[in-house]
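Note that the chains take the letters A, B, C and D in the order they are written out, and that residue 1 is the start of every chain.
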Amino acid sequence: MDYPSILERIQSDITPLLGQGKVATYIPALASADPHDFAMSLQLVNGESYHIGLSDKTFSIQSISKVFMYEMALSLFEESLVGRVNVEPSGNPFNSLVQLEYEKGIPRNPFINPGAIVVADMLTSYYGASAEDSILHFFKNACNDFSITINKEIFHSEYTSGYRNYALANLMKSFGNIHNEVEMTLDTYFNACSISANTTQLARSTLHLACQGLDPITSNRILTFEHTKRINALMLTCGHYDASGEFAYHVGLPGKSGVGGGIIAIVPNTMSIAVYSPALNHHGNSLIGTKALELFSHYSGHTIF
Amino acid sequence: MDYPSILERIQSDITPLLGQGKVATYIPALASADPHDFAMSLQLVNGESYHIGLSDKTFSIQSISKVFMYEMALSLFEESLVGRVNVEPSGNPFNSLVQLEYEKGIPRNPFINPGAIVVADMLTSYYGASAEDSILHFFKNACNDFSITINKEIFHSEYTSGYRNYALANLMKSFGNIHNEVEMTLDTYFNACSISANTTQLARSTLHLACQGLDPITSNRILTFEHTKRINALMLTCGHYDASGEFAYHVGLPGKSGVGGGIIAIVPNTMSIAVYSPALNHHGNSLIGTKALELFSHYSGHTIF
Amino acid sequence: MDYPSILERIQSDITPLLGQGKVATYIPALASADPHDFAMSLQLVNGESYHIGLSDKTFSIQSISKVFMYEMALSLFEESLVGRVNVEPSGNPFNSLVQLEYEKGIPRNPFINPGAIVVADMLTSYYGASAEDSILHFFKNACNDFSITINKEIFHSEYTSGYRNYALANLMKSFGNIHNEVEMTLDTYFNACSISANTTQLARSTLHLACQGLDPITSNRILTFEHTKRINALMLTCGHYDASGEFAYHVGLPGKSGVGGGIIAIVPNTMSIAVYSPALNHHGNSLIGTKALELFSHYSGHTIF
Amino acid sequence: MDYPSILERIQSDITPLLGQGKVATYIPALASADPHDFAMSLQLVNGESYHIGLSDKTFSIQSISKVFMYEMALSLFEESLVGRVNVEPSGNPFNSLVQLEYEKGIPRNPFINPGAIVVADMLTSYYGASAEDSILHFFKNACNDFSITINKEIFHSEYTSGYRNYALANLMKSFGNIHNEVEMTLDTYFNACSISANTTQLARSTLHLACQGLDPITSNRILTFEHTKRINALMLTCGHYDASGEFAYHVGLPGKSGVGGGIIAIVPNTMSIAVYSPALNHHGNSLIGTKALELFSHYSGHTIF
């Protein structure tokens, strides 16, 4: 397939839309992003890769880190995850407390904030103070790029002003579902959210999810086949908060978004994809990024359905 | 692949579990089902089919009819569906009124009761008194079997005692999202629920969903490629009420269940599947049927992820 | 106390506000009310009465009938009310289904729609087809005026278009908390809502609630002392839907409003009050009527606190 | 009236019930209370007082402090309270986050936890680090007893383990409705909750609420007449969380409970009452204390209705 032409066609289609949506403003470091930025990278399982736009520009991966944390948790804790975090779509915004209170502090899935905070808590119990380093290392290793860093300015902003995440963590602690001090667990969580990467790196780091858990370039096994299926299933049903159904309906690929403006998507057995555009729709997903993936699915015919 | 052996292995695995779960009791005609009944049918796109258990025993397809009704609605109304029924997982039980009230009478998706009632209302507006015949005809045609009938005893039970469905329809009517008389729309809806079929017929009738909308045996086009993708996406994210995430996570195939005990599932480009076992889990999905599909996915390796 | 002067002062204060708020529009017969209409009647326990404005103009008492129905139910069923309708403020709008679903079809209190529908159902079981006549008779007797009638035009409007009340009744029936056919119970309920009275009659009909259940003029006992206390307590905590707290805070008297624009209030041992002004605030209570009662409490110093 | 006999009759009636209910266990200092303890004090406006049981035994007043904090807030901030805390019954448990999220961080009333935390925040803004001393002083002054102290052990327990209150405060801070650091505001809040008093002192400290805001013994004005009415109205509609309606229905007096086992109640123009019994019903109100007040209302005939 002629991927370079498809990418050019997508860029041409989305250019008139740049400027729509709203950059996340809850922390200054995100608010300064340029809503006209755009990048898209395709990483094929055969090692080829194709890029368009600002594919070298790093941004905060935010909730995309939830995928990597849950990959680690599946490998480390599999059985113990039962009863601490479920695998159902929530039908609610990413940071809602309502459902969490009705359901006694057990989050619906690991790809909404409370679920990822529980996962961060489990990783904190296991790795202690080095939890953040372990998550970063997992990401670097999956990416096969050891230059990746955590943006400490963003971390600091979130750590000091993420009141709703403190609310979620304290609510779960009141139900006994956070085992460490709230501050320690959120330290891990906010560090993971603050990993900086560009679309080239993001696409590369998720290539194993298109390849049954194996990195086809280095031949490193990152995840088992069984766990890879589950990650992809979760991304399909829960990867875009309360717009997950829309994404499945219009794009038809497993994916995960972050409020930093990034989205990853997987074409099983074929490729991993990363897009970046920081202006968000009202569900908190990249508006242009979602559109670009919809166009990609349409032009390439790639879909799991 | 040796499908007959896989089916035998599944039957052997599930036999000790028969009797678990509870048969739906809200109408007498369903309550009399035998919880030990089991059937499973595979219909391959190459025309071959494999069966085990009571694959000739008919049962009430119930919510599986929601798939056929929405296929018809996609073909007839595409654009007009926007604003009347969404495509998001609900995160709530199939017949909940809570979300419907918060969201002003617009159902989350067409595979929960209120969503299917809206679809039935649209079909009733279009076809008038012949709406039920048109739905039955669509099903017969997809199945290429014109002997299929509606079980009028079940229809009558639901029509006279389905108070919660009356509550849902009246609530939506108060928001202006039901255009016909509540009784007329529910007449259509309950008739569609009361279609009787066996697993052989159900698997056959959904074969086009494994084949881009084309019936590969008759070469009839039942649905466009684009609409077929959407039906499969919806079944994956919304096909099992508030257990849709679990089904995607453990089975990894698009599917749709009904309280009569049937479940259909699709392996794109390969086959359609139907299972039957009337005892339900607490989400209202066939307990053994779900288990059988999980085993099938495991033994065959078939998954979309 | 110089009640005529107080009434004049109130009328002068509210005159500039007439026209604010919105007349109920969900049925034509209510929508045609003149938002500039105003009336207020004081009925003292010593037999004196004072009136200002259109105190002879009849209107639909609507939810004020919930008080009379619950008085009858307390006398007839006392113990059997437990488990069918509670006595807690709901914190929700008058016709919400959300709480009702969470609480398994048991309404929070008899002064919101679902609670009054359960009471109507109990009266229907007891009186059969004459339930509406029995309610009307109770009202006439309390009023000592046998000329009062039911407005059948309003009844008919509500009976044919009250979809949300049908939704509430069907939801409760699905939980087993409606014992008659939904249509029969709602026939009773809508008839009670459609009783027509003016403020003179309304104040007179509730005088016994200011007098430990005894009509001080005729010496008829309408209610026991114990039940009278409970009616007044319920009016204070639940009489104005989700504005009951505001009413207690600013007016400080037990009261009950109706969407027809009427409000009754009780000064224990002193008087009963009725006001009428059909334009409503966003809680569904008469905007001017509420204001008039607040001024009355302020000018007269009458309060239970 | 023969109050000593009434008190003896109450004690005799409740003795067989002692041991029912459950002592609050969420902090060790409360968990050690003896569920058989009982005390009741009547403080008449004429200066007489009557006591039965352990009326000298101090306990943690907990949520009863919400009344004193709101009295201070009414005097200091009246107008500014609008938009920060409402005056409606919540219909939900005392520490629910659900409603708070739907209503954008504005608590329903000042007598549930989030409402009192907002009030504590306003007092913290006004008094700074001396907020807790100012609240304690208000209480001592109302009681005319300057020996009262804060139990620092209880304060410390709540400050280090009150996760749900941290969740509430952080959620409100995310909506901009907490102006100080969460820890500072909760320091004030938990100190107020940890005031220790016995029933003699509690009854004395609330006597002004039975007397239009004036302390009839010292002739000190504690509160204006208008504000006193509002406090009593709020206690009636919101004083017992989601059992406020039951309390109004069965007791018929304004009151406020605390999880320490205390309840205060007011008979306007006549007396203030305090009861103590640490075992709670499932709403978090003293089970025996509620029963004792119901008996008192019954035997004395005192009611506001």
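Going forward, contacts are C-beta pairs under 8 Å (C-beta built on N, C-alpha and C of every residue); 3 or more make two chains touch, one makes a residue touch a chain.
Here the structure is a predicted model, which means the values were calculated and not measured.
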* Determine the set of chains touching subunit C that also touch subunit D. => none
* **Furthest chain, CA centroid comparison against subunit B** => D
* Structure fact -> Here the gap between subunit A and subunit B, centre to centre from mean Cα coordinates and rounded to Å, is 32
* Structure fact -> Taking each chain's centre as the mean of its CA atoms, subunit B sits from subunit D at a distance in Å of 55
* **Centroid spacing, where centroids are CA-atom means, of subunit B and subunit C in whole angstrom** => 47
* Shared-contact residues (touching 2 or more other chains) in subunit C -> none
* Structure fact -> One finds touching chains in the pairs A-B, A-D, B-C, C-D
* Structure fact -> Listed in rising order, subunit D residues that touch subunit C in their complex are 86-92, 99, 108-109, 228-230, 232-234, 236-238, 242-246, 248-249, 252, 254, 268, 303-305
* Write out the stretch or stretches of subunit B touching subunit C in their complex. => 96-98, 101-102, 163-164, 166-168, 170-171, 173-174, 182
